[in-house]
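Provided herewith is a single structure, encoded as structure tokens, for subsequent inquiry.
Chain nomenclature is as follows: A, B, C, D and E, assigned in order of appearance, with residue numbering initiated at 1 for each chain independently.
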Amino acid sequence: MTVESLAFSDETVETFRDMETARAEPGSVWVRATGATPVELERVAEEFGIHHLSVEDIRNGVRPKTEEFEGYTFVLLKTAGLARGDTTFQGEIRAESVGLFVGEDWLVTLSEHDIDAVERIWRAALDGDRRILGRGADFTAYRICDGIVDSYFDVLDLIEDRIEEVEDAVITETDIETLESINSVRRELLSFRKLAWPTREAVGYLARGDPEEVRPETEKYFRDVYDHLVQLVDLTETYRDLASGARDIYLNSLSVSTNEVMKKLTVVATIVLPLTFVVGLYGMNFADSPYNMPELGWTYGYPAVMLGMLLVTVVLVVYFRQEGWL
Amino acid sequence: MTVESLAFSDETVETFRDMETARAEPGSVWVRATGATPVELERVAEEFGIHHLSVEDIRNGVRPKTEEFEGYTFVLLKTAGLARGDTTFQGEIRAESVGLFVGEDWLVTLSEHDIDAVERIWRAALDGDRRILGRGADFTAYRICDGIVDSYFDVLDLIEDRIEEVEDAVITETDIETLESINSVRRELLSFRKLAWPTREAVGYLARGDPEEVRPETEKYFRDVYDHLVQLVDLTETYRDLASGARDIYLNSLSVSTNEVMKKLTVVATIVLPLTFVVGLYGMNFADSPYNMPELGWTYGYPAVMLGMLLVTVVLVVYFRQEGWL
Amino acid sequence: MTVESLAFSDETVETFRDMETARAEPGSVWVRATGATPVELERVAEEFGIHHLSVEDIRNGVRPKTEEFEGYTFVLLKTAGLARGDTTFQGEIRAESVGLFVGEDWLVTLSEHDIDAVERIWRAALDGDRRILGRGADFTAYRICDGIVDSYFDVLDLIEDRIEEVEDAVITETDIETLESINSVRRELLSFRKLAWPTREAVGYLARGDPEEVRPETEKYFRDVYDHLVQLVDLTETYRDLASGARDIYLNSLSVSTNEVMKKLTVVATIVLPLTFVVGLYGMNFADSPYNMPELGWTYGYPAVMLGMLLVTVVLVVYFRQEGWL
Amino acid sequence: MTVESLAFSDETVETFRDMETARAEPGSVWVRATGATPVELERVAEEFGIHHLSVEDIRNGVRPKTEEFEGYTFVLLKTAGLARGDTTFQGEIRAESVGLFVGEDWLVTLSEHDIDAVERIWRAALDGDRRILGRGADFTAYRICDGIVDSYFDVLDLIEDRIEEVEDAVITETDIETLESINSVRRELLSFRKLAWPTREAVGYLARGDPEEVRPETEKYFRDVYDHLVQLVDLTETYRDLASGARDIYLNSLSVSTNEVMKKLTVVATIVLPLTFVVGLYGMNFADSPYNMPELGWTYGYPAVMLGMLLVTVVLVVYFRQEGWL
Amino acid sequence: MTVESLAFSDETVETFRDMETARAEPGSVWVRATGATPVELERVAEEFGIHHLSVEDIRNGVRPKTEEFEGYTFVLLKTAGLARGDTTFQGEIRAESVGLFVGEDWLVTLSEHDIDAVERIWRAALDGDRRILGRGADFTAYRICDGIVDSYFDVLDLIEDRIEEVEDAVITETDIETLESINSVRRELLSFRKLAWPTREAVGYLARGDPEEVRPETEKYFRDVYDHLVQLVDLTETYRDLASGARDIYLNSLSVSTNEVMKKLTVVATIVLPLTFVVGLYGMNFADSPYNMPELGWTYGYPAVMLGMLLVTVVLVVYFRQEGWL
């Protein structure tokens, strides 16, 4: 909504409504444009000789990158936030583009909405933070990069929480929702990796010190951000592996469950079916004859049969217990 | 079917039937050949010194590429369209080859059928579009590349729709058709990736500004197209992951279903089989004896047995409910 | 079996029994050795200064490659044919080695058996083909490469047919043979890829024009063959994906089948078992008493029970229909 | 907790409380800071011109790396230990960071806790070990690297033991815990690989001898450590494969078990169900008529039926035995 | 156990007990140390200026490699043998390290045990083999490399035999042992690949002719060995694919088996259960009444019911036959 300018030298810091006046001041100038109108953008671009394609890149949300232009270096970064639906995970990372144009003694930051990391550094500058004043445009750019990358760690922490939730769920609940949660976490990680990888590349380019706007003493700081990004990518891989492990266990719980259901069914059938056969046997209507089911005529025939069936049952139950089927 | 020529300078634009006359004009010339006959192609190739192998490449539909020849740079691109059968997805991308021959002050475009992106830029040129007049042959080539790559996004949108359809289907329908749809979407994505990758390479070659026909100020624009292609490849990967996730859920739905069917069978067997045993028991024909089934002689024998069976049934049903089997 | 020599210039072509005489002729010479004896090979190698390791490479059937030696470039290619057993696929590509030794003004081709592509070009040369005469040794080598690579497409066509057969089979037949066919197709594709990859590399080396025996104007033609090889590798990947998809569907058909068998079993058990219980119930032999099964004494007892059972059956059938189990 | 200094030349070795005095001595100096306070760290950093970002890297635990700074080379390594919960594996490698700052004639080692490998070399130095005295700072750094990498082998040995445990478990126990153990082993290996890979890179950098603080004669020794790391990575891959194999067998045991349960159920049902039908048959109450179940009137009816059923049972049992179902 | 020396020139070959005397002879010298004592090794190392780290590498069994030292090139190779337990495959390759130190006019070979390939070449040298005498130290080294790599093919042949055994087993036997055999074959292949890959690299280094001890005319021969190694790696991949295919078929056989068991169970249940219901029906004890089971009073009631049941059975059997369930 606004374009603000800030001139800072070794000792002093001052804000200006007007870019040109700010630039005239000794020291470096930082122009921050947040949700600026096309007209405002046009004016900023003209003042600093910024190519209109770079401005369009920020709007189109292309992947993070560093590009050298005549007179400045363009760094496109993205903030990361977890998109969350009402009740379910979305499996997506919400990303906001920020453009950093680093000139020799000027810095222009461009974004559509307020970016936390930029806002914080801006206020620190106004408060006369010693790590900004007298450090030049490239160092301020480093501070912003560092802030954005730090916020990535918060996102990964949230994802880690979700993985833990999911890891608890896989053993107890074998419904489809659990699998969907796992898939959404994996998607978030994938989506996050797609953010972290090109950012790593973009910052690595600055760390190698190729652009002349980055002074040798600032390179080391970008290398530090680069190391953080390497760590982030590593963590992402670890979490991906955790999510895969959870998925394996989930799928396996199901197989174990089916196996156990089958065992129970077999136990019931093996015990009850033969018994049913026996009672059916003594329900047959053969004519009286000494060879036809003499047991039916016995005085203790019924208790004897009952005892026999009990015995068979006990033996089978003990057997299935030992086999671990019960 | 025709070969048309167009000469354009900073201010004027004019069409000619005749290539030679057009070339004689100051400024740049654009010759567009659509479905030209071998004889016509021969004449165009001769006029601009185009190698006959390049012309054959367009006909054979080899993969997108950029090649430098003496006096011109040859860019082979492909349009993308979704092939759709009557009722089922085909799993294929319909691709049409377009050849761009970029000389210092001339551009030849070659294709077998009308290409939307080429057609549109041609008309824009005729309308005196400021972004073509006075911009030279390489910039016009960029405009065509940009148009073709933009149309790729439409294809990806269609694929996204299909993925959403498929994602809804996997939970409810566990038939083979669903798996076939998933497979066809994955094939489309694979097929699309095979288009996007070499295109990215071909455009990247132009963006790096190696061919001398591409002026430094145009490189930046090709870099922009290149970034779009990177974004496309990224999206393709994301969609592939979504399709894989859908496939996982589909396969899992089936396992869950089998597991539940087994549970139901076990419940039915566990409840009904013992009851059948009991009624069989009281169907036995033992001789009258005080030890043989005295229950049969009881006045309330039948209600007692019925009650007993009811009790067992209720207990089992409650148990299975608690276990989540019912 | 023979070593034949052929001398060709811009206008004339002539065969010689004798290499030395052929070489003395103006223009280029092509010596074709097919299944030559060690003694003959020795003589050819000596005449053209060919290293004996290259000759051994052809016999040993090492992978396709291009190697530069002093005075000539050695190109080892392989033809591809589908090995077919009596009734089943073999899953293997039959490959025959061909060695091309390209000197400045001479070409030696070496193979153990007759090679179609070589034979065809030889005859074309004898017929005074304008695309061989006056084109030099490197162009003739290109013609042979092109012929061999073209024959690769025939092999891929055959494989495509098999994939289509297999795709039809997977839905209807869930026996092990189907899986074995799929595996054999995949093996053929793997085996084919192992042929195409190094060939691509070998031809790519010629296309880049590193060997001095390849003149700049011939490079373009090798680049064309290279593009065909890239297309072949692409196709192989697509077919591999199709085969994988077929395998997925096959494995899934089986799961669907098991799921459906289970459903049928459950339906049968759920309907018949309770009915059996009911009829067992009325088979019990309780003593006459107003509380013991009064239904048995009813005039319409039997029809009532039959009706009740019919009702239960109908309700269950309708229920299972709705659930899609029947 | 302390910062200790040690000066060593070709022949003598001496400890100092005070860094400055130690540095004034001829020969090399080694300053070891273990769990030093910020103030102490500050003093060390100032004395040797160490960049504060490197110190932060050690605290933040970024991945192992080698970085060249003006006047020194910074090597960040990590020790490896297996984290073990009370009863279950944790699936994680406990890593401790150690920073080595190698100057021309000085070495600073920094860590938060006591590191075994550092401690051991320190004592060896005090004992006048010939492989430290007169060998310079880079060689001492090599000794520490070597010690840390050696301790990696102990960790891999522990993991190997676990794999063996798991391999025994997979065949006998098909519960979820076994799968969790396998997953935790795989995670440990992954986690270990993440340690070994960048360490390999970091040491490889030293082995190539790029930093000028590493003298040519010491390069060979770092190359040796590098070879050990390659061996470690190889071993990790082998163990990963073993773990995957164990997982396959586990998952398969389950399928085999389900298959066998099903076979048993089918055997029971196939034998008992027909018999139950037969005995039900002779329990029917048809009116006396020469055509209605004459068997019931036979003198030997019952023994005949029993014999028949026994025969059927024996035949079925023999059949199922042959099929391997029993 | 011994250190032997051999001096060979263009024409003569002679063995010496003493290295120094051998070296004094014109031509090249080959010192072969097999299982030498530390003292002997020390003396050899001193005589030829061999670095002690290389000697340790051989003992430690690090992966194959080529390293250049001042004055010589060190090639570490490994022989391959299949470790075979009493009754089961071990899944491991037994590897023996051999060190080749190639100087300008000397060759030292070092190993702990007798190595076949070295032994054979040694004897060939003594026999005055024309392919060793007058060929120099580098060519002799090539001969040894060639011999070792040739022995790799024997190992692969053995593995191929095992794969064939396994391929036969997967269709007939679905027990866990089969899966374990497959896994052990895959492990052997993995283990073999880990041997072949670095060997390929090591030989490739020699083939590129970087070390100055390798003369240009010998490079070609190393290139030949390199080609063999490429072929070996290719074969390994093919065998891995065969093993994977066997594993797929094994796992699938099990699913097919379970599917068929389920079908049989369902067939039995579907046929027998309804019949049991029918016979139960006519066992009910309803009071005499014209509406209660009049069938029981019919003269041909029993034959009618039997016929009806037979009919139902025949219909069901025919149906299941058609469906392929029987």
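The rule we apply is simple: contacts are C-beta pairs under 8 Å (C-beta built on N, C-alpha and C of every residue); 3 or more make two chains touch, one makes a residue touch a chain.
As the structure is a computational prediction, the values presented were derived from the model and not from experiment.
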| item | value |
| --- | --- |
| Magnitude of the superposing rotation for chain C and chain E (Cα, nearest 5°) | 70 |
| Chain B and chain E, separation of their C-alpha mean positions in angstrom | 40 |
| Rounded Å distance, chain D centre to chain E centre (Cα mean) | 25 |
| In chain C, residues with contacts to at least two other chains | 255, 258, 262, 265, 269, 273, 276, 280, 283-285, 293 |
| Order in which chains appear around the ring, chain B first, chain C after it | B, C, E, D, A |
| Partner chain D, residues of chain E touching it in the complex | 51, 53, 56-57, 60, 62-63, 65, 67, 174-176, 179-180, 183, 186-187, 190-191, 194, 247, 251, 254-255, 257-258, 261-262, 264-265, 268-269, 272-273, 275-276, 279-280, 282-285, 296-303, 305 |
| In the complex with chain A, residue positions of chain B that touch it | 171, 220-221, 223-224, 227-228, 230-231, 234, 237-238, 241-242, 245, 248-249, 252-253, 255-256, 258-259, 262-263, 265-266, 269-270, 273-274, 276-277, 280-281, 283-287, 289, 291-293 |
